[in-house]
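Some structures to go through are shown next.
Paired with chain B in one complex and with chain C in the other, chain A is shared by the two complexes that follow.
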Partner chain A sequence: MKIIVNGEEKEAKQEASVAEFVSTLGFDPETVVVELDGQILNRTEYAERHLKEGCELELIRFIGGG
Partner chain B sequence: MLQVNERPCDFFPGLRLEDLARRFKPEADVFIVNGFPMPPSTELNDGDSCWLIKRGEHISFAEMEHLLYARHTPGVQGKVKESVIGIMGLGGLGSVVATALARIGVGSLLLADYDVVEPSNLNRQQYFIDQVGLKKTEAMRQNLLRVNPYLKVETFEDELTESIIPLVFKHVSVLVECFDGAKMKATALRVALTLLPEIGYVGASGLAGFDDNNLISTRRIRPNVFIVGDGEAEAKPGQGLMAPRVGIAAHHQANQVLRILLGLG
Partner chain C sequence: MLTIAGKTFSSRLFTGTGKFSSANVMRQALLASESEMVTVALRRIDLNDPEDDIMQVLDRTKFFFLPNTAGARNANEAVRLAKLSRASGGGNWVKLEVTPDPRTLLPDPVDTLLAAEELVKDGFIVLPYINADPILALRLQDVGTAAVMPLAAPIGTNRGLITRYQIEIIITQAQVPVVVDAGLGAPSHAALAMEMGADAVLVNTAIAVAGDPVQMANAFRLGVIAGREAFLAGLGVANDEAQASSPQTGLDFIR
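For the complex of A and B:
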């Protein structure tokens, strides 16, 4: 199915959880802030919330160093 | 009417700074007009605020404060003086952000770190060899108060977590994320967006190594919420953290804090 990720169309597995999809991008879900259809998700929701056709995902990924 | 060292003084056209010095303080060798150092021959205008100071003499709180901010853009000082800034992490980012904000005269800093100063920190962090082993919060407090004795410094020495961050920082004007670890960086932004929506926020991601200066940018996520960095350069084996590039990112953060305080976020 197609979803929108940071404004770009991407392919995602049907009913993938947020955590599964973020992992397929090569990111550790714990290092990513996720907004799904305009709502910032709590960390516990990453495994519980499933993506739907056409949904909009905003991802902000962090890398270490400070 | 003029102000001379905070006292009123009659104005007449053609009056020069050196005339005031002769009358009020002949030994003065620093002359400030409206917050800016000027030569003694400067002709004054009605309404000017003048400070006549003798270098090295014991000076009052008001005189010192005036001198410290003599190079500020006018109008900045009043706004930053009222602010409380929270800084999460006092490493290469946080120690530099705190120092810059102390120098511009923010009113109050709330500094959080549970770590001690180690020798490996000194390649980029604003501590000294004789502070190795001290808690970073304490070492930073000492250093900041040497820069700006009028700063109020509060510290928090336990580990910050998702549940503690909103409790500790709920009263700050702007919260600055200066963590080292990526998971805490993400956690802090999530907390800020969900639980601290009224507070300005400046985070950082991607500042290791010695890649191009200009890849480091300040990205606006929301009104008053920003992330600084190149988004790519991770601290990892083979790519270290060093003062120049971490400092670029830290000063992006500090300037963004200032912009938020001035209503430019």
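For the complex of A and C:
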């Protein structure tokens, strides 16, 4: 199925959890902040929340800053 | 020891993590600085670069992370960034920055106060980045911020304490720690801020872009210690006229 990730269209496995999908992109879910359809997820929800066709994910993380 | 919101820090030098040439140089510089508090920013992930991860470089048991809201142009954006940070496990501390003008990066006092009020009510430990405005510092203290962070000079300018006299007023009035932030370009600038009685300083650019960032981090560490020691020791009074160090009596034998 197709979903939108940081504004880009990506292919995701049907019913993949947020944690699974983030891992398949090569990122450690523990270090990623996730918004799913505009809602901030707590880290404990990553394994429980599943992606749906057309959903929008924002993946954010800490970078260097002053 | 410096205490902010009940947390104690041995080091009064806070260090930013931006602009370093590599993650390894940043890590070495932060270790040399002996900083315990380091600032970080939140940004959208570059999906093509999984390796670019500050969390894998810095040991969070060694460094206390102070996430900032850099990039926020108004109160709403700052609050959203703070909430994202907290949700990510970044804790409830936030360096509140609201900078609507990318040319000056000067903070918006009105939106900073609005965001501070909202974040404090929501349980955040708020350290607001502000212009060196003594009245605003009091207003922020009144709404419950854990510190105030007046700028020495605009971010990244390395110009030193051009707001010196306003910062002196802020220090005199403050009931919360005063962290001089932004624009400190040399260890002597940091030392001066500490001599004036600042509780801590935050430095990023001056260390990150130095010829040798690791050596400069150590230099800032020493500057902050020197300034703090001088403040505690009590500086001598400045005089307009010379005051002889050697006795002016007992010179009859050469007259």
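Basically, the second predicted complex is superposed on the first by the 61 of 66 C-alpha atoms of A that agree within 3 Å, B and C clash if a C-alpha of one lies under 4 Å from a C-alpha of the other, contacts with A are read in each partner's own complex, and residues count from 1 in each chain.
Quick note on the criterion: contacts are C-beta pairs under 8 Å (C-beta built on N, C-alpha and C of every residue); 3 or more make two chains touch, one makes a residue touch a chain.
Since the structure is predicted, the reported quantities are computational estimates derived from the model, not experimental observations.
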Contacts of A:Ile63 with chain B and chain C, given as first, second, both or neither: both
First, second, both or neither for A:Val33, with chain B first and chain C second: both
Which of chain B and chain C A:Asn42 touches, first, second, both or neither: both
Which partner, chain B or chain C, touches more chain A residues: C
Where chain A meets both chain C and chain B, residue numbers: 28, 30-33, 40, 42-43, 60-66
Chain B - residues contacting chain A, complex: 89, 91-94, 162, 178-183, 185-187, 189-190, 193-194, 203-208, 221, 227, 231-236, 241, 246
Chain C to chain A touching residues, read off their complex: 16-20, 26, 39-45, 47, 50, 52-56, 65, 67-68, 70, 83-85, 87-90, 155-156, 182, 202, 204-205
Residues of chain A defined as touching chain C within the complex: 5-6, 8, 10, 25-28, 30-33, 35, 40-43, 58-66
Touch list for chain A against partner chain B, complex: 28, 30-33, 40, 42-43, 60-66
